Amino acid sequence: MQPTKTLVLAAAFAGLAISGAAAEWPEKPVTIIVPWSAGGSTDQVTRVIAGELSDALGQEFVVVNQPGASGSIGTKGALDADKDGYTWTAGAAQDLGSYGVLGMLETRIEDWNLFLDVANVSVVGVNADAPYEDFGQLIEAMKASPGQIAVATAGISSAGHNAIEKIKNAAGIDYKHVTYDGGNPAVISTVSGETEVTTQLAAEQAEMIRGGRIRPLAVLSESALELDGYGSIPPVTNWLADFKAVPNYFGIWTPKGVPDEVVAKMSEAWSTRIANSDKLKSYAANRGAQFAPFSGDDAQARVMPAIQAFSWLMFDAGKAQNSPEELGIPRP
Amino acid sequence: MAKADFVTSIVVILLGLGALVQSLRMPRFEHLQVDPYTVPGIVPAILGAVLSVMGAILLVRSILRGGWQIKATGFGGLIFNPATGRLAVGLALTLGYAAGLVGRLPYWLATAVFVFLFVTVYEWSATDNSRRRVMSLATALVLAAVVAVVVTMVFQLVFLVRLP
Amino acid sequence: MLEGLQLFADGLLGFATPQSIFNVLWATLLGILVGMMPGLTATLGIALMTTLTFKMAPGDAILILICMYVGAIYGGSRSAILLNIPGTPASAATTLDGYPLARSGEAGKAMAIATSGSVMGSIIGMLLLATIAPVLANFALEFGAFEFFWLAVFGIIISGHLTSLKDPLKGWIAGFLGLLAAMVGQEGIHAYQRFTFGYIELGGGLGLLPALIGAFGFAEILVVMTQPSYQLVKSKVGSVIPSPAEVFRYSRTIVRSGIIGTIMGIIPGVGEDMGAWASYAAARRASKEKARFGSGSIEGLMAAETGNNAAVPGAIIPVLTLAVPGSAPAAVLLAAMFIHGVRPGPLIMIESPAFVYEVVAMILLATIAILIFGLMLTRPLLLVLRVPRERLMPIIFVLCTIGAFSIASRVFDIWVMLFFGVIGYAMRRMDYPMAPLVLGLVLGGILDKSLRRGLVLTDGNLTEFFVRPISAVIWIASLIVILYSVGPVRRLFGRLAGGPTVDDKGAGSG
């Protein structure tokens, strides 16, 4: 009797396995690999997206965190997975496009189907007790004592580091770079006074700005940032007229080579569901991000400026292993 | 324990020194003008040094307690020891499953085979009563089926894990 | 204060619906099961439930997540007591006294004590959360690079000392091996690959959870299977409900552990595991029966379990008032709050004070649920001890394997689990404790980055590390623990204290 039972169960399982081949995508849960730890800015927005997609496509979208090596380990997982549309990954397009240049992963931005959700901007914020009332005063102070003012970022090649490096080039200043494990710890260090300045994303500073713990001096963009519950943060171009700011797009993506049907269905979900998602819109407004539901060629064109700027910044600083030129990234 | 301490202290010292040497050879990124206090080798070098010192203290202590003496029976006794035999069986079963079967066979099948073998191997040798052996085989079979099905179902359907 | 009480009552009444009560029950039960299984941790459970509760109303979703959190931290104690395998890292200290109690036939009592400890810990943490959250939150900001560095050192020193009382040197060696193992992989400042020897998978480092599952779970399986005969334990029946008198007897331990656990929870990045260790250490120092610690002390078990559960509300304090997570599971909870449009942060007491008290009410409900399930599940769980090892161990190993794998769906993590299992087995045979090794893996990254960050901030001036007030307290405490374990120094302390039985009187009075 017992062996029969086992056989029946075995047959049932075999059936389960075979039925996985055909049918319409998605007919089993879809995995989105977040290559950063749970709770970070990529994780948060991706969980909003996963919830909306689960609803729209009638299958669970499961978020799996695989942090490590600036997101390249999790991204590699998605790159190496079966091209069946059941494995996606998420993050900032600027990172995805520059892994090749930095020698972390052999991939180019054109190898991916991009589905963008929000664009984040960096904000220069200082401790509420710091003496700098506007961005001009901060630049003066940095010029007066080069390399003495501590700037907190989420680490080398993070959005915050990228921002302060651009300011350094544009204003001719020098600073003391202090790195933290992520955007939030960097912001906290400025709140507690361990560092004086942070240049992390608006999303990561939003609560502290609203709470009066951080004074925002400028946003790295060409127009002012309106933050719910605070007001307007002036653009950096008020002080550095020829500063070129490019938005940093976030989204989910899967490698090219997945069935056309997957891309078509996702594009449809993107233009009907995500583009009208109140949850994503209010999330973005809350966190000081721009709502950016783009996909396809439009998305490819939008992410390129940030990849160009960052890749060449790294290459010119001698921190890149491969020339952006050879990887099809023209100098901006 | 003095002998175990003697052996492990040498391992710890070598490990600590190895880490120290490796750390000192880590890049300092001078050409990138990085802050010298952020170079990657600082902390592992300190840890390696501390480990070597602690290993040295342990080494001295174990020598004072006579741990360096090698008894002739020591080695043979270790190999032909029933505990070593049981360890070898345990390792063969577990490593064979986790490093061999999982990922090659369908997950549920690998798990069923492992549970069945594990129970059978240990219970077979525990008795020579054939009736008991049959009972044990039957139990192993049921247990294997139940564990394979329940674990597969729970992790696949409840925790939404894509099984290896 | 009175207004707070009113808001708390409103919050509690708001959850007095059949739907909410049903949610509390299933979420807590699932949390306990997740906590019991090696490999499934509170962090994983909350992350999973965040996705599954996405469509629910914010209040319901956050209620479920908090029940999951409290349940999982509590659930880890079950496997720690019954199998000597901590279900989550938070229960590593619970094994020290819980498992010896179970082996001497007192598993029922041990589980009852753990339940009452967890419940009391939750309640103390909850009261602190409700009364002085804003003040406590600012305390978290006092911890900078220097304090984190010393805290990591202190963690290794006390856990090495406590898990290897006869020979702390070996505990510290295990701890430093853990710290060194944490150096493997890409480091956090220059993204340089340390000790990877060209092996790509090592770039992500050795995962904490696979290491934990291996060092405790797999190693324990090997230990059990290599014993010639294994006596099944006959547990005494009738002792599964904690007697109020017994709980009252340890009221000092409970209150102390509750406060220490909450404080450890508040400190960002230091979580439930340190809550348990620090409470355990403090309980041992203050105890009249030090000798029993590590071989089945009720007091020690109570301290560890009170400490880790008190850290849960503790970790939620900075989540609510600063939007800074106090521990890894709390980080996911914070993310879930953002996703549901709740805005924790410095403004919360002004913008939506009601939400703070709703969270307090949620913790209370989860606590009541663990009490109910704790008492109900004790008897069925005792059956685990009656299963022969030949049948129990393969099941546990299957769970260890799938647990290691499911953290990040990586086969490499199974290899890490196996590696730490074999090493852990060998080290245990040579009397090295495993808990400091695992704690070293947790704290290695903090130690590394804090030291370098501190040096950058002060341009290499070491005095800052020693003179800042909180730093000074922590390094002096670490030094005392080290000196105390050196024989001659201990005798000196003993003479100063004027007591003949040096080991029992302690260095505190010296």
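Residue numbering begins at 1 within each chain, and the chains themselves are lettered A, B and C in the order written.
The definition used in the following text is that a residue touches a chain if its C-beta (ideal position, glycine included) is under 8 Å from a C-beta of that chain, and two chains touch if they have at least 3 such contacts.
Please read these numbers as outputs of a predicted model, since none were measured by experiment.
Student: Determine the chain that sits nearest the middle of the structure, using the mean of its CA atoms as its centre.
Tutor: C
Student: In terms of CA centroid distance, which chain is the most far removed from subunit B?
Tutor: A
Student: Given the two chain pairs B-C and A-B, which is bridged by the higher number of C-beta pairs in contact?
Tutor: Between the chain pairs B-C and A-B, B-C carries more contacts.
Student: Any idea how many Å lie between the Cα centroids of subunit A and subunit C?
Tutor: For subunit A versus subunit C, the centre distance works out to 31 Å.
Student: Could you give the separation in Å between the centres of subunit B and subunit C, each centre being the mean of its C-alpha atoms?
Tutor: Comparing mean C-alpha positions, subunit C is 24 Å from subunit B.
Student: Averaged over CA atoms, how far is the centre of subunit A from the centre of subunit B? Could you give it in whole Å?
Tutor: The computed centroid separation for subunit A versus subunit B comes out at 38 Å.
Student: Could you tell me which residues belong to subunit B and also touch two or more other chains?
Tutor: Each of 35, 38, 160, 162 in subunit B touches at least two other chains.
Student: Which subunit A residues touch at least two other chains?
Tutor: 31, 60, 62, 176-177, 179, in rising order.
Student: So which stretches of subunit C touch two or more other chains?
Tutor: Expected reply: 48, 189-190, 409, 456.
Student: State the interface residues of subunit C toward subunit B in the complex, per the touch definition above.
Tutor: Touching subunit B from subunit C are residues 40, 48, 169-170, 172-173, 176-177, 179-180, 183, 187, 189-190, 192, 194-195, 218, 221-222, 225-228, 390-391, 393-395, 397-399, 401-402, 405-406, 409, 411, 414-415, 417-418, 421-422, 425, 427, 429-432, 447-448, 451-452, 455-456, 459-460.
Student: Tell me, which parts of subunit B touch subunit A in their complex?
Tutor: Counting only subunit B, the residues touching subunit A are 31-32, 35, 38, 106, 108-109, 112, 138, 141-142, 144-145, 149, 152, 160, 162.
Student: Any idea which subunit A residues touch subunit B in the complex?
Tutor: So the residues of subunit A touching subunit B come out as 2-3, 5-6, 9-10, 13, 17, 29, 31, 60, 62, 176-177, 179, 317-319.
Student: So in the complex, which bits of subunit B are touching subunit C?
Tutor: Contacts found on subunit B: 1, 4-5, 7-8, 12, 15, 19, 22, 26-27, 29, 34-40, 42-44, 46-48, 50-51, 54-55, 57-58, 61, 82-83, 86-87, 89-91, 93-95, 97-99, 102-103, 107, 111, 114-115, 118-119, 122-123, 126, 139, 143, 147, 151, 155, 159-164.
Student: Which positions of subunit A touch subunit C when the two form their complex?
Tutor: So the residues of subunit A touching subunit C come out as 31, 37-40, 43-44, 47-48, 50-51, 54-55, 60-70, 73, 77, 150, 155-157, 176-181, 184-185, 188-189, 191-192, 194-195, 207-208, 210-213, 229, 279, 282-283, 286-287.
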